[in-house]
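Two complexes are shown next, each including chain A; its partner changes from chain B in the first to chain C in the second.
== the complex of A and B ==
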């Protein structure tokens, strides 16, 4: 990299401070689409911090997480994990396959275990018990000893309050329980960063808290996380860093979640936040008065 | 009740059981060989390669549209005329039933594989599983379970269709029955009912356990 570029790339400097994830000028475009889904996205997730992505539906939030997890090829920019390049963009061309063209496996198994991801639809393996769901990857991919993997799985399940359901089948669990198992399944691989993709969006309101509580505890333990969510109160409570994505562009980035929620810098963020609750409007009014 | 004595004539039941054994042998070998073929065909049909999918489509449609009897005649008479490939009658039956079972099972396998949500593949991917591990540990076990009822149905259809082998001169259970009836035409004119009745139950007791096994397995794997 030449010197001129180094100065142009802001993120490069911050890398010394220990960014777990660095995304530079990421562009994502689907083959038949007119305009990119994600356009020139750059940000960093520092170690031990919680990075929250907000945005209206269709803004590209989930796509962003999917590109980081390696589920979608990117057409521009690059993704770095611990300062090491894991993905670079290739413009659309003959080689960029159709939908789901990822499984040819451009990323090594080892690399994939370093990024944990939890999906909206939990996606436990229905043909395996709770415990087997959690121990499958450590045994198969990381070649860990069966006993050791089981022991750690039980500890994790205990932490999320599900140790007694270890032998249950996923179909016997509630949505919130399944999602907590899915979190354990990702955690047992000791990923450097966890990606949460609207993990409570498919849950009954009553089950949302039990899942978010687990994520809050993980944040307290210093796990690096990137969270896409529609739960504003949760975002406000957990975020160290918050960004607003709209139309595939980062319209606002903030290191101060409170400020973001009370005094959003951009019009777009203001409009986005005003779509939520009346209470939040009232807070804004009061803030303006005081 | 007359005519029932024909069943107790020396050699009648043993001969029927011999015929039944031929039926079971042809059906069993056909089913066993069509299993791997069907899995491979079904897997190929889910590939994204257009040429492979096109070839599989032709194979499947050809086998399905042709009556099994026509396929049997092609395999038995046609191949020997055209390329001097002389299959014996049993060999021709096996060839046709394996190709047929493989095609039908392949289509079932394709449907079952495609019915597994792609989010299963994605969550296996982010956990670091290789594509083979994902297929063998996650996708295939779920697909097999969904496949089971339809494939047992296919197996019973193969068992029943083996009766066509009689038309190529294979001495299977139907053919044996006809021979016994012919031989006893004057002594026991009512033999037809009894002989075919016995054959009916023979087929029943082959196919019934299949569906029992299927039901048992389905129950054991019922946590989907």
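== the complex of A and C ==
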């Protein structure tokens, strides 16, 4: 990490146990929907820890990250960053607003840079080179000096093994390379927490490793992060805290990932985890034959 | 082929080509501005104004340019507005072209993936920065083929202004045919004039299209 990054993520002595992110009773419901997508979600992400969210498709994992990033308004509860309230729920009808994105949301520019996010789909700006992709936000949003931003961008790109591709266009990169650039683009703003939304889901298997390796290294350096993933081996290896989301509800929370994977407390978690193992019932087959 | 006739009358076409290029140029520039504004109003669903833009687009697309020119040139004076033939031609082309450009640019805006806007937002960009640095460059890039097609269409369509006595290339051709009966030669000169004006634009369009094709370079 660069100087700024290290200090930004070093736990301050008096706040050793302080949570970077606190979510309290979060409710997310789309207009015209029968039931909420996320219902009464509460958890904390402590400083320097890796918080992994698992769950089947449609369980609300991505929506949860999007509400935290400020891309979706919430209808109940609140979200706190470093103890400071950044979003509160408003019931549908009054402040429900339009669709997410450009024309919605009330968070300030500065506040948005404090939460970094990498998306599943390749989201580099195709009209900018690799280096420009990384330096655009620090120059434009944080008003940092061009030279300084370039220098830090090159250091970051070097760390993900892409310094030699600085002048390439995103279309010339592989999916894995694009995701690594996207990680640099988020890190250069020195966010307090990084959100990874199934960042390897659209990648070829051999490219998954190069991206996950980068995330592992960031975890080792003490970056606070929240990860939504379907890579179970990765989740097991990187998680400090693990939660299972199903039908918009947190069905299991665990501070002991190893225990979660070997002896899940709930039946739902057991069933979810069993979908990732494949076993033939050879003995039974033989029994039937004989 | 009467080469002497063609050589003698070439200067008429050169002069008339200036008229065609002049009104087309301003017609195209204004129609692109109108198109960009209308597309923006529609894409960002600005209340009331987007509906107005829609009404204009349907009115402009579904009436012939000849009728629009007649309205401007013969109709407006009855209301006390006396515009020169040249002004009428430029306004007419801009009025017609605006809707075509709006549709091409709207397509460009809609081709920008939502995640591009979301990434910009997460990175802290303001709405203005997102629009000018991310959305507009990408939208215009994918709108280029449609816009170039519209530019060529408008320049060809400008031949209609001969109907309001503006001495463009079409007008000169009709004049020559009427006075000399060298129909074949006059029309050949006319076609060559249009090709000389349009072929470079076509080539430039292709180059621009390649240069700004962010997805494939």
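Couple of notes before you dig in:
The criterion applied here is as follows: the second predicted complex is superposed on the first by the 255 of 290 C-alpha atoms of A that agree within 3 Å, B and C clash if a C-alpha of one lies under 4 Å from a C-alpha of the other, contacts with A are read in each partner's own complex, and residues count from 1 in each chain.
As a working rule, a residue touches a chain if its C-beta (ideal position, glycine included) is under 8 Å from a C-beta of that chain, and two chains touch if they have at least 3 such contacts.
These figures come from a predicted structure and were not determined experimentally.
With chain A as the common reference for superposition, the partners chain B and chain C occupy clashing space.
In the overlay built on the shared chain, the residue A:121 is in contact with chain B and with chain C. By the touch criterion stated above, A:151 is placed in contact with neither chain B nor chain C.
When the two structures are aligned on the shared chain, A:113 is found in touch with chain B and with chain C.
Look at A:171: by the touch rule set out above, it reaches both chain B and chain C. With the contact threshold set out at the top, residues 69-71, 98, 100, 102-103, 105, 109-110, 112-113, 115-117, 119, 121, 123, 125-127, 136-137, 140-142, 169-172, 182, 185-186, 189 of chain A are in contact with chain B in one structure and with chain C in the other.
Residues 48, 117-131, 133, 137-138, 141-142, 145, 221, 223-224 of chain B are the ones touching chain A in the complex.
Taken in their complex, chain C has these residues touching chain A: 44-45, 113-127, 129-131, 133-135, 137-138, 141, 214-217.
Residue ranges of chain A in contact with chain C, taken from their complex: 69-71, 98, 100-103, 105, 109-110, 112-113, 115-117, 119, 121, 123, 125-127, 136-137, 140-142, 169-172, 182, 185-186, 189. Listed in rising order, the residues of chain A touching chain B in the complex are 69-71, 97-98, 100, 102-105, 109-110, 112-113, 115-117, 119, 121, 123, 125-127, 136-137, 140-142, 169-172, 182, 185-186, 189.
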